[in-house]
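Chains here go by letter, A, B, C and D, matching the order in which they are written, and residues are numbered from 1 within each.
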């Protein structure tokens, strides 16, 4: 990783010197070694630039704000494969000014979930260094080594491909590593097989945790509305808190529906949820449904149709086996 | 806050017998916004309407709710009433307490309770109604017809006769289309040229018609009544104004390698040519790919020999911008290519021809001057096998799933004509079904079988091959006899499937007119609006909408013309005010709404937005109110709710839902 | 001071819950929350903190205030007067205990917030010393002693025992009702444990977070510092930090029409949201930078300016842990201290 | 529960059902049912919309929030839409929405889409009766309600 980060820095320098870019959207080293943050590096100053096992954040959505002004020159954005899908969506939906962006596809070998490490009982982590697949954790209570592969983000465990979309240049992308451990629809299938009340109980127990912080929405590359219905006092559904379980359901059902057919399954919603609600299971259900009902189409599923589409009653038929 | 009046109609005893109308009026009085309520025997009667009018004045009402019959019955009546009393007609809502209540419920208490709830929902809605105004737009009194075949010509003539200007755009050098290539027409066997060419001449000479031949539509903007169209007039390299059509140039052209398209490539033509003798305009065109002058810079014989100095090698494509009130699509059809049907040997054997080629072979003006002969050795064929449904009704994916409709009849025509002219020729027809619905059609087919002795074989041909001695061996199955058979034939004629002209798809996109998967244009309603496209101001004539024979095409052409005349006769178009509206403060410009709009009513514009917090230039949706029909598809495609439907806003529907669900009895 | 073998902790919970409703931190569905005690409750004593802070007990995310009843054309207003049951919260950490003092300054200042006041009076806070502080903790920077947490009662869990010490009148009352279950113990029995925690706290990477800049610089200079231009850019504008924060106290008032009545309630708001402070003319804080700046100016400058130098932060580390993009108050303080 | 009538006898469950009908086909179908005096449950209340594609999932959820026990959408038969393609979008949207509701354990029987033409008065009434019967069997909707609206 260290090596890749250095090479990326060289690449950035080269592009800056050639006048191709004026700024860089990348990750900045944090306080504890695991908390690198999205950051805009300006004036060629790459101090604290990092690309490490904790650069999980998808930077594509920042491009909405960052590409707005034509006068600012081009911004370079670093995109991992799954980040590029959201980037492509933003481009398709005219949410970014593509001409003001230089998209650099960079390699990804899976990103680490610090929460998983913490949950395994490691406390007081003050510094982390990487040595190939090993993470050396310096903690207030001593040193510890763990294998990176055991603590990957859930989204990396179902990594569906290392395909890059809509990039201006791919950089060292042959260094991508395969991290998929199971099929991404497995969890959805498990839920589908539950009885109606079991499903209800499952989602209740998950959604009751929701604190309506909007992190899932704000990080989502498909949730790019200038003004969300839930923030718009004129929409009739605006709310700042979940007054009860209905509002918890409403928010997540409508959010899933609004990104239905547009969600790129980047997994950010679940990554950022402070309450660890598996929100991706809602969106992935739609992806699975669309695949099963409509197959592969170029257009977002809700923006097109065929005259032979299944009737809504297919839902009852499919559910016949489990009551 | 609105001041709402509620008017409960008895409808004689239709409502009052099962609904306690007094109670409904009384209960609704305490609804928010309601300042007046009344009941009356017949609200739609003059007295009833006067009651409403005076209440509007006396109580300064801003909105009214009429609890009565279906809005499909009297919504217009009460809107007019409101308007006459000085309030906006769209401040009226109807609670349907007859069809939806009194007529279907017997119990008075139940029906009354339901009527109150329906009234409540209407009141809740009116509270959020806003005055709406019908839009108006002027109509350009000129029509554009795209395609100069029989469909386009007929439509143009009908419109022109009604006194409106019409332009025909035809991509080929001449008008006439497919019909010009036909020999005789079924079921009357009159000569196609004899009935078509006078119409071509009439179109050319009509004072209201302008022909743009060898031209194509480049760009379409605007909407019903106000289309802006850019037409590309391709360079012919012959000045139309100077040319007299003497044909001197065509005979002097040293290149003879061009395939004569009009004769389906069965003979040759020069690089400068007139497609056929009766072409309109009778002006040659230079095929630059073939012309020696264009290829090498040498030659120029045509120019030298032109007595009127009309040949001009420096001519450039010309662009014409014109405004139209209506556009008629008449792009017609073509036949499919047969590379997917190698079993019939079309590409291998010269004597396997398509029906359209056969049409030219039979035609007196054709390559063989009307003498039926084989393309390979110019001998008269003694046995001819016709194969129907080549690529039609094909569900394998190789051809077209639909029935081409015209093949059964023209094959019967070909068979009959052959037998009549050459009685010694044996004629076989392989068919799946013979479909002959149409006036005198089945009689025609029966004549072919009974009177002319054509052998109809139910079954398909499996293979056509050469016997090495100049014969084509046609192997097929006879399903009725349940046997395989092989016919030694001199000629095989394939009824190749029809398809939409290849220019249609591009044009459909330009016009935002919807098309089906076969590239046929979709009609606004399959039964009730068969000659209109769902896109307002775009009409459909002829084969471009689906397979049709000549009489049907002409009938539809006339119908389309009537629709166009109806449109152009108006000075202003009034539009439904219940249309979509985009809130530019919220719109993200994502294009989702545009993608679901069936009418192409949504475009995008870089717009200055300022909501007090954010001030910027942003791409936002703009609804063309003249084009929007108010279905509301866009409102659901819009995740932010920036797109709403006037008259049926999100808030209004929420209010209706809330009112219906509200707890009762408190 | 009393003690009880740790394995008998449920005996303690049982005894407390006989007197008053008791809330205990538990692990539930992959998160840590306070749950009302029942016999199945398993105290998550190895979890340092709940994801959401304990402020919910006094300042819940949603609080009904009044009802408007429509009777014909007249409106009846019914104030929501709560008769809240008395309760005890167990396992509150020193940071959260301190946060109540900060919230008190807002909600108990005249005119006092009746809902907050009622709950504050009814609630008994039982704090627990932090055996294993985490790297995200920086409470010591605000003078908080996790080895000696405040609260009505403090407990220490060490050496197989749970030690119980009442600090206030409320604490003593509760202790009086349940003391039969305890064993007696010496005051100094846990001194070593306290020292141990103190020692660990010395290793907290930001235990001495440098706030000199905020303390000494004029607020206008901080406000207009160019540092803000850089550090906010990763901010998503979500409300995670404010909703997990024990000291954030902003709320919005909203109405809900249930068909019979209109219910007026208040709910947490977040200064990170784009429509926070939105008024008829628009929003004075137009950009995320301004919203981001507001949050930290409030915590580190405006609040102390108005409250005898007390910061509106207790160093609990929740925002450090929860921010989706890993921005936080420590980074902000650090960015300015290096400036 | 005591069965002693007059003491605790519960009022018979009266479901609340909202039927969204498109203006051109199903609303006209309802009118036809009316003029044919083809009775159907009074629990069904119709909201008129121009096209079934106007129906936002939020309307459906709102209905359940406010206490509806069933929501049915009725539109023109696919291919017959007045706006030519509106109901094709409805079909996809509702298929996916209902699937999600089912996935979340919300009784799928409480939502339905039916295609009812202007000529199908009898179908309209039969459909509404059948749907109302089903909802009555299911009882009060609890999983997607809002306690404040009870």
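Note that a contact is a pair of C-beta atoms (placed from the backbone, for glycine too) under 8 Å apart; a residue touches a chain by one contact, two chains touch by 3 or more.
None of these values were measured; they are calculated from a predicted model.
The interface holding more C-beta pairs in contact, when A-B is weighed against B-D, is B-D. Taking the mean of C-alpha positions as each chain's centre, the chain lying farthest from the centre of subunit B is C.
Centroids of subunit A and subunit B (each the mean of its C-alpha atoms) stand 45 Å apart. Averaging C-alpha coordinates per chain places the centre of subunit A 37 Å away from that of subunit D. Spacing of subunit A relative to subunit C, judged by their CA centroids, is 30 angstrom.
Among the residues of subunit A, those in touch with two or more other chains are 229, 236, 243, 302. Residues of subunit C in contact with two or more other chains: 256, 259, 274. Within subunit D, the positions touching two or more other chains are listed as 57-58, 62, 66-67, 79, 85, 89, 93, 146, 148-149. Because contacts link each chain to all the remaining chains, their graph is best described as complete. Across the interface of their complex, subunit C is touched by residues 66-67, 146, 148-149 of subunit D. Against subunit B, the residues of subunit D that register as touching in their complex are 16, 18, 23, 27-28, 30-31, 33-35, 37-40, 42, 45-51, 53-59, 62-63, 66-68, 79-80, 82-86, 89, 93, 125, 149.
The touching residues of subunit B, counted against subunit C in their complex, run 30, 32, 611-614, 658, 661-663, 666.
On subunit B, the positions that touch subunit A within their shared complex are 585-592, 595-596, 604, 614, 616, 618-619, 637, 639-642, 650-651, 654.
For subunit A in complex with subunit C, the residues that touch the partner chain are 30-32, 35-40, 42, 57, 62, 65, 123-126, 139-141, 205-206, 209, 211-215, 217-219, 231, 233, 239-243, 271-272, 274-276.
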